[in-house]
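Below are two complexes that have chain A in common, paired first with chain B and then with chain C.
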Partner chain A sequence: MRAEERVIDNIGKMLILSLSACELLRKAVLEKNKILLEEISRIERDGDDLRRSTARQIYRGAFLPYLRTNILRLVEDVDDILNTTDKAGKYFRKIEDLGFLENSIEIERILDLNVMLCKILSKNFIEFFKVPEKLSEAMIVVRMLEKEADNLKHSILENLKKKDLEFWDGIFTFNFIEALEEISDVVEDTMDTLQVVVLSL
Partner chain B sequence: MIEIELISLVAFLLIAFSIGSNDTSNAFGICIGCRIISVRKSIIPLFALVLIGALFQGDRVVKTVGYELVATSVQISAVALIISAVIIVIANIRGLPVSTHQVIVGSLFGSGVAFGTSVSVETLSKIVLSWLLSPFISGFLAILVFLSIEKFLRHYNFLQVEKILKSLLLCSAVVIAYNMGANELATAIAPIARSRDYHSIAFLGAISVSIGAFTLSRRIAETLCKGITTLDPKSGLSAHFGAGLAVYLFTILGMPVSATYSLVGGITAVGLLKGVRTVKFRVLKRIALNWAFAPILAFILSSIASKIYLWI
Partner chain C sequence: MNRRLEVVDPELTVLEVIEKIVNKRIRSVIVRLKERDYGVITVRDIVYKCLVKGIDPEDLKAYEIASKPLVTVEKGTTVEEILAIMEKSKIGNVFVREGDKIVGSITLMDIMTGYLIGRLL
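The block that comes next holds the complex of A and B.
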């Protein structure tokens, strides 16, 4: 396998990991099962290993120098999806009063959106390199979903204001919701970087 | 007489070493910078291509410079090569870019005039015209290559394009390395071609070029790599290929032209194609001044050295 193919393959594996992490986060939050969150941290560490190995491949000469900066940025963006998912999981673990989850279809929707976004990216990643038109179409969908996640976040925070929460629980809940929405932001950033890479040749 | 011949041989080897250390970057520099090939691995193909170039087509440039331009003698060649070697080595140490061709032609002509031997102004005019035309022809070819690449690569995906560009960079490096033997090394051989066996001199020259490439070209290739990152691969490749083809065309015509100046022409043309703002005209002005100054300086210094030699 060529060094370039190994890099693409590694990024593909990182994207599959990020999809698994998002699915696990969804399951952990909806089932209020904090034990599952440990698995997300393990996945995040696996992603770190892949990021280091990919960066080494790039340093050793994979891709033309002109492309290396953006390819490395793409790797870091994908790693950021994993980091943000892990961050959301860690905040969730710290929340003691999970009452805000009762009847919150909005939080469930954001979790679903994150899974959908990661699925779009990971399932079509190789295809995007081959058919740039498909990437442009996916970009439009990703932007729409990200906007929806952003709107939902503000709506959740408005509702949260009305609740009587203990100080630390309030902070951790706020941070958790922020991190949850940030995942969709990072996926959008990854798509932007991917588009720069694909169009740069 | 033997001492003079030996000195001119040493001066020739020094020039060949300098060609290797400086101009290898024109050929394999981008490939080394892009890590398509390592410095160590590039030495053997470089040696082979330079030697093949010098043996197969070097005679055309040797005929123009060594036979038609000046009726050389051992003394004329010795003075011209020593002055050329001194200018090239000092320029290299001080980091000033000079064209080996221009320095050798300027020195040889200056020496020939000072010694009062027969010199051909017509041949000199043709050579100067080649120097003037080569950056423009290189630029024209670079644009053609750029447009063809743009059209051809449209049908391929990202990873295929990357692979094709790398292969084309290697092909382009092969053309330029061949030109190094057929044009650049041949120009350095030209002054001593009458008094020595061409094949053995070409072999010695190719070895000296390879040693120069191995010892000093890594630093230059690294510098080039840093510079190339700001140039997109298609533009860089087009300029490289355009320059390679232009120098090859002039080699067929027997004209000694600089790959570096051709490369400058190629880069400028592709830059202009993308927009006037991308071209740094101040840098171009400095290159043009240097282009005019080097052969004149070589001519003057060589004339003075020859007069001193005759006076002694």
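The block that comes next holds the complex of A and C.
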């Protein structure tokens, strides 16, 4: 396998990891199963290994020099999806009063959106290089879903304001919701970087 | 289907409805007029029935601008059937009911998003 192929292969693996992490986060939150969050941290560490290995490949000369900056940025963006998912999981672990989850269609929807976004990215990653038009279409969808996640976050925070929460639980719940929405932001950033890479190739 | 539904009191002022729409970042609210009798207020209703007429939104109640009847479809209705209803009624939003209960809504935007996602997954 050529060095370039190894890099693309590693990014593909990182995207699959990010999908698994988002699916696990969804399951952990909806089932209120904090043990599953350990697995997200493990996945995040696997992602770190892949990021370091990919960076090494690039350092050793994979891709033409003018492409390397953006390829590395893409790797870091994908890694950021994993970091943000792990961060959301860590905040969730700290929340003691999970009452805000009762009847929260909106939180379930953000979790679904994050899974959907990662699925779009991981399933079509290789295809995006071959058919750039598909990437343009995916970018529109990602932007729409990200906007929906952003709207949901604001609505959740509006409802949260009415709840009587213990100080630290309030902070961790707020941070958890912020991180949950940030995942969709990071996926959007990844798509933007991917577009630059595809255009440069 | 969008399961986020905001049901408001008919006695709310239009300004309070605007506040809800803005704060919750939604496009419409359901107005409970009587038991099992609902209307809907969209941004379109607010603009055409209140603002462009120069009426102060604080002087108008939600029930006065709510559109009726609520166009609903049974859960399980196909997208094609929903699109036909939307085209016939010249609306971009239908509500989904399960028995007597309204459980969600579907907009043209949802259908477009669903179609595009379907092409990618």
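Heads up, the rule we're going with is that the second predicted complex is superposed on the first by the 200 of 201 C-alpha atoms of A that agree within 3 Å, B and C clash if a C-alpha of one lies under 4 Å from a C-alpha of the other, contacts with A are read in each partner's own complex, and residues count from 1 in each chain.
Just so it is clear, a residue touches a chain if its C-beta (ideal position, glycine included) is under 8 Å from a C-beta of that chain, and two chains touch if they have at least 3 such contacts.
Everything numeric here is computed off the predicted structure, so don't read it as measured data.
Look at A:129 in the shared chain and tell me whether it touches chain B only, chain C only, both, or neither; answer first, second, both or neither.
Only chain B; A:129 stays clear of chain C.
Which holds for A:200: it touches chain B only (first), chain C only (second), both, or neither?
After superposing on A, A:200 lies in contact with chain B but is clear of chain C.
Counting only touches as set out at the top, which of chain B and chain C does A:5 meet: first, second, both, neither?
First partner only, chain B.
I'd like to know which partner A:151 touches here: chain B for first, chain C for second, both or neither.
Touch partner of A:151: chain C, not chain B.
May I ask you to decide whether A:60 touches chain B, chain C, both, or neither, giving the answer as first, second, both or neither?
In the superposed model, A:60 contacts chain B only, not chain C.
Hey, which residues of chain A end up touching chain C in the complex?
105-106, 109, 116, 119-120, 123-124, 134, 137-138, 140-141, 144-145, 150-152, 154-155, 158
Flag every residue of chain C that touches chain A in the complex, lowest number first.
Answer in residue numbers: 3-4, 23-26, 113, 116-117, 119-121.
Using the touch definition from the top, list the residues of chain B that touch chain A in their complex.
Residues 33-36, 153, 157-159, 161-163, 165-166, 225, 228-229, 231-234, 236.
Please output the residues of chain A touching chain B within their complex, sorted ascending.
Counting only chain A, the residues touching chain B are 2, 4-5, 8, 60-61, 63-69, 129-132, 197-198, 200-201.
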